[in-house]
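Mind having a look at this structure? Questions to follow.
The letters A, B, C and D name the chains in turn, as written, and every chain counts its residues from 1.
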Amino acid sequence: MKARLKGFMFLGVILLLVIASGCGGNKGNTSSSTTTNQSTNQLVIGLDNDPPQLDPQKSSAAVDRQVFQSIYNTLVDIDVNGKIVPELATSWKITNGGKVYTFNLRKDVKFQDGTPFNAKAVKFNFDRELDPKSASPRLSEIGSISKVTVLSPYQVQVTLKQPFSPLLSILTDRAGMMLSPTAVKKEGANFSNHPVGTGPYKFVERVKQDHITVKAFKGYWGKKPKIQTIVYHPYADGNVRLTNLTSGNVDLVNTIDYKDIDRVKKNPNLKVDEKDAIGFQGIVLNVHQAPLNNVKIRQAINLAIDRESIAKVIFHNYVTPATSPLPVSSWAHDSSLKQTTADTAAAKKLVQESGLKNVHFTLKIPAGSAQNQQLGQMVQSMLKKVGINVKLEMVEFGTMIQQGTEHNFDAINLGWSGRMDPDGTIYSWFITKGGNNDMGYSNANVDKWLNQARTVSSKQERTQLYHKISQQLWKDAPYISIYYPNDYKAMKKSVQGFQHYPDTMIRPETISLK
Amino acid sequence: MLLYIARRFFLMIVILFLVSIMVFGLINIIPGDPASLMLGQEATPQALASLRQNLGLNDPLYLQYIHWVGGVLQGNLGYSLSDHTPVLNILLSKIPVTLELTIFAFLLAVLIAVPAGIISAVHKGSVWDYVTTVFALSGVSIPAFWLGILLIYLLSLTLGWLPPSGYVAFAQNPVRNIILMIMPSIALGIRLSAQLTRMLRSSLLEVMQSDYIRTGYAKGLLEKAVVFKHALRNAMLPVLTVAGLELSSFLGGAVITETIFAVPGLGQLIVNAILTRDFPVVQGAILFMAFAVVIVNFLVDIAYSLLDPRISLGGASK
Amino acid sequence: MNDILSVNHLSIGFDHSYGHTSVIDDISFNIEKGQTLCIVGESGCGKSLTSLAVMGLLPSGGRIHDGQIVYKGQDISRKSQKELSEIRGKEISMIFQEPMTALNPLHSIGYQVSEVLRVHQKVSKHEAKEKAIEMLRLVGIPSPEKRFAQYPHELSGGMRQRVMIAMALICHPGLLVADEPTTALDVTIQAQILELIQNLKSQFDMALLLITHDLGVVSETADKVVVMYAGQVVEYGDTKELFTEPKHPYTKGLINSIPKMDEDTEVLPTIKGSVPSPDEMPMGCRFVTRCPFAMEICSKIKPPKITDGHEVHCWLYSSEDVKGENPSVDKV
Amino acid sequence: MGEPQLQSETVNRVQINPLRKKRNKSYSKLMKNKLAVCGGIFVVLLVVLAVFAPLLAPFDPTKQNYGQILKPPSATHWFGTDTLGRDLLSRIIFGAQVSLKAGLISVGIALTIGIPLGMISGYFRGFWDEFIIMRVTDAMLAFPSLVLALTLAAVLGPSLNHAMIAIGLVFTPYFIRLARGEVLAQREREYVSAARASGLRNFSIMMRHVFPNILGPLIVQATLNVASAIIAEASLSYLGLGTQPPTPSWGAMLAEGQGYISQAPWISIFPGLFIFLAVISINVFGDGIHDWLDPKLK
């Protein structure tokens, strides 16, 4: 009896196996049709990293913003040419010599949780960002604001400590994103897991390291989005990201590896959209840490690096070698700095002049990125030629950023996505004790010029100031600029209406699928 | 029977206790202050002090352990350092994924190993036996990550049969879920299937030499009946035990497999948590894995005693 | 012919990577319906192998080089495994030396006994169970209904051997091969089992091929005896005749080594030496190294078969005059 | 069973044994011996590669050549070049150093800790054995070894040395168990009683009598664990927690090449192939030693 029963159990297991395998086989065929036929109501976007934060006021990774763009609106936005245009604010007035900004707000806007959007909400958001206790990375961007006043239900006034010309430009980014005050109060620190904004899409769910889903928000004030659901998938590995695009699982990726650009261009089902980006990439040097506290060593590093080789070998010439943090796409770029190849002899001499023996430091590079690892190894090899030994250490990106903020490093391979205004691109990086000044760099002249460039309104004057800054940074070399990335978005040919903004952020409400 | 189970159960509790001590110790007894380990070397003294207070690090070690175990028993595994989500919630969202992967891979392994082991044992010395031996040898020697890469290169990039990686929940799209699970299951299952094949082969060869197999032939049973009705069950017993013991390295394999194929399960969670030094998550995930291994082995022992009538008597197992 | 089994000129050897060794050399005997034939000899002389050959169950590497095994007029040595499986358990059954290991530990007694029925006869499960219980009762297992569901480890050695017998006889075979069925059992049980076999043999009217080294058993049970030495038959004949008038020195030695109740000997005579291994077989008579009467020719030429009353293979009884000197045979 | 036509002729004369029926029963054993020899040869080859790497490698394994990136295998670069124009063959040759070093040192650590503990535990038995050492090894074995090694390596910080320590610790319980089991079997043997009766002290009995007798299985286990340790090191390096660049480690090379699998598959195929070959040949070699030492199989 018992034996028989066990026999059946055994048989059952075998049967199950057969069914399972059979199903697998059958479904293999039907699948391709389901995926390609996938409703035109869903857009799958592949991101290059899992966004660490869904709270714009806490965010410190550029990839977060790709998702914010669908959940939140900003007070003002840019158009495809980088010109400031209205969004939640219909109009604004700058008075008092650039010290007072008065915004008139849209009256038909509701947050996704039903909370009405008004002047009070704007004040709430600014106050939260400005509150030192919330330790918002935004504080450094809008620290010039002294107070925010509600003039009427739909009119808000922002008063600055001193004139600050990049403000509007900054408000097109996370600092200008409006969060639902109700949700923030309710969720507290957990807001990041249940974000609520006024944007065209509403947060649905998130599985860490797997996906974030947003759905079209019915009560959206603006033009109704064409696509109902957007799923963001993080694929840190560029190869995985690309193969998911090629095989049709993903409709659009926010970036592709440079090595793959040629291949995607040749693929009949895909297209690549490119735009000069506004950021810079390079190496942060901790100027308080030996041997990098020695300016000669930093200068030697600056000279020892063959930026053209890096651009060619790792990026297949799809990036531009960099000598300053202000990219060629910016009006503030200083083209007089031309040292893009290595001057090994000069670098060696500098190392000798420093008087240091056995010069070595650790370079932290983000784990999981082949490009960054190659860059690290190329830098390692180039510096070895001039007598500087580099130890490479792979660190997870989030940890690396954290260690950067804590100045817990010798050197890290870190860049910046950049801002529309040159001030946004470099101020927080190079001003003494700036929010992104992981180097610990401090130069009185640079501080002075950076602040002047904020207050003067003449573009020509500002350009001159930024050129001086660029040249001073080259001399002091707290940060080794290596290249300016360009932005390459790859998508299926069926993706229509994609608009490539200079800030490289995907605005999904304009997209449709054919 | 009951006595046997009780004895095994007691043993399991002892092991679980030791496992918990080790998991606790891994983070707490290593040189250095856990708080500064968690916060990084240049954390502010206030932050360190408050974290120490929160973690109860000022208590003596045994008290800390008691607090921790008390929490664990109530389902409180602490909070992730990255976003303060309860570790238990994170685990609960990842476990089904890994469970699915391991079940698929295990079924695949059995599906390959049972026929292969039988054929090679029954036809010892034949070409089939040779092929199986080579398969088994290669299977236990091939690094999972290389196999994964080769599979992606071959089945996805070259032939375009399968998507290279990713995961879709079964509830969301069962068809796609299974398609995406094929390659990870192969990459994970091959090693186990090779081990099971080897074991089943040698176990079956030994059993086929026993007297009762000769009795089976003397009764007039055909080879098929002898193998399936008499040899296989006896040969499966040691294989079952080893399969249980292999679970832990099987879960280890899941770590690599999930990383390669971007399957958001426990393995990927552990790797990410380790790389981001999110130690509460690491602690929780490891604790879960070890508990799973211990409990499964306990169940295997029980199953063994059900399958082998010799153990049912008394409690004196051989 | 009344023979149920006749073995003709059977030779068995083992294959190795380096050649092969002959183990059974040209043996012949036959069993009539309902008769008992015993094969006796020291261990290692090929008794068990012969019995296994009859079942078609030679161990790994062994094969029949020559000769026939004829059962009811059919040469079963030429049959395929599939054909043999229809004979085994139904026509010819076998019980083994080791009851402790001959039963599958994972199946119940009942399963293993009724399995034979289910293989050979189209019977319902219920019927198979009834017949199996009946058979278990017949072999003297108390409360067989209860035992039916028990597992081998719950039974004593004697009980297990009874189960083996039940399994062997449930299909009423024409021939039962019993390979030292009592050797592994307690002395007190041995007689019971032998008696059981004897009783069932007459009840079922079957022939019995009994392998043993116990001459006492032989004299009580056998109709005919085959004495084997080192893979060869040395003497073969009716039990009574062979016991009263043994011819071959080996047989004599065996019989002398039986303790006798009526004699008062201090030391039991033994045969000196041991069976030579297959690799070092003497060229002539294989017993020559231990034979007290060995002659020169014995070590050179295989002794002839002499049928005088019963069959014996020994130069001592050769009519040729070989006693004095070397015959006209060249050295090989 | 349908016999092939060719054999049916012989079936008439030859009784095929139903238990094991193929004529070439020594075929697989012979094959095994041959495999073991092949394995041994490759192991020796690996050792030679590792020891004489500087002489054998055609190029400096860390020398980057930006004019020669991602070149497929050719006469100059037998295995092609990687993303930075380094010669892959040279990197693989130097990678053998890392792999063998990792395999031997981590197993060495496991042996040094595991054997004494296991022997003492098995020889003296009692509370420490039953309730501490054995249960602790049980508990350790409950952890997936790779996960445990990963965690240890992460806690210690990523480097080859730490990876070796982590792997060694993780492998220790296997040797404790094996040594204990073997000692348990040996201590019942007569020679141990005899030694004890002749007044030898426990330590001497263990060292002079028991240890040589349990050496065989330990050697086999150690050999097989070297293979596992090579995979473990490669796995850790693959995940970035083992050997750090630019030192060429097969696992790290594989991770580097993974991104280029469609453009330059050789970067990931060759290092993987060498891990595979090294592991399989050590395994086969270990099996060979096992068969050679096991009297049952002779």
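Methods note: a contact is a pair of C-beta atoms (placed from the backbone, for glycine too) under 8 Å apart; a residue touches a chain by one contact, two chains touch by 3 or more.
For each chain, UniProt lists the protein as follows: A = ABC transporter substrate-binding protein; B, D = ABC transporter permease; C = ABC transporter ATP-binding protein.
Since the structure is predicted, the reported quantities are computational estimates derived from the model, not experimental observations.
K.L.:
By mean C-alpha coordinates, which chain is most distant from chain B?
P.N.:
That would be chain C.
K.L.:
I'd like the most central chain, judged by C-alpha centroids against the all-protein C-alpha centroid.
P.N.:
The chain sitting closest to the overall C-alpha centre is B.
K.L.:
Taking each chain's centre as the mean of its CA atoms, how far is chain A from chain B in angstrom?
P.N.:
Inter-chain centre distance comes to 38 Å.
K.L.:
Provide the C-alpha centroid distance between chain A and chain C, rounded to the nearest whole angstrom.
P.N.:
Taking the mean C-alpha position of each chain, the two centres sit 89 Å apart.
K.L.:
Nearest whole angstrom, what separates the Cα centre of chain C from the Cα centre of chain D?
P.N.:
Chain centroid spacing, chain C to chain D, equals 51 Å.
K.L.:
Multi-chain contacts in chain A: which residues touch at least two other chains?
P.N.:
Expected reply: 237, 243, 367.
K.L.:
If a residue has to touch 2 or more other chains to count, which residues of chain D qualify?
P.N.:
1, 18-20, 25-26, 240, 258, 261-262
K.L.:
For chain C, jot down the residues that touch at least 2 other chains.
P.N.:
Residues 57, 81-82, 106-108 of chain C each touch two or more of the other chains.
K.L.:
Residue numbers of chain D touching chain B in their complex, please.
P.N.:
So the residues of chain D touching chain B come out as 1, 18-20, 22, 24-28, 31-32, 35, 131, 135-136, 138-148, 150-152, 154-155, 227, 231, 234-235, 238-241, 251, 254-255, 258, 261-262, 265, 268-269, 272-273, 275-276, 279-280, 283-284.
K.L.:
Which chain D residues qualify as touching chain A in the complex?
P.N.:
62, 64, 66, 69, 83-85, 158, 240, 244-246, 256, 258-263
K.L.:
What does chain B use to touch chain D in their complex?
P.N.:
11, 14-15, 18-19, 21-22, 26-27, 30, 37, 123-126, 129-130, 133, 137-138, 140-146, 149-150, 152-153, 157, 208-209, 213-214, 217, 223, 245, 248-253, 255-256, 259, 270-271, 274-275, 277, 282, 286, 289-291, 293-294, 297
K.L.:
In their shared complex, at which residues does chain B touch chain A?
P.N.:
40-43, 82-85, 90, 93, 104, 107, 110-111, 152, 156-157, 160-167, 173-176, 178-179, 182, 233, 262, 264, 268-269, 272, 275-277, 307
K.L.:
Would you pull the chain A residues touching chain D in the complex into a rising list?
P.N.:
Touching chain D from chain A are residues 237-239, 243, 257, 259, 263, 309, 312-314, 367-368, 370, 373-374, 376-378, 380-381, 391-394.
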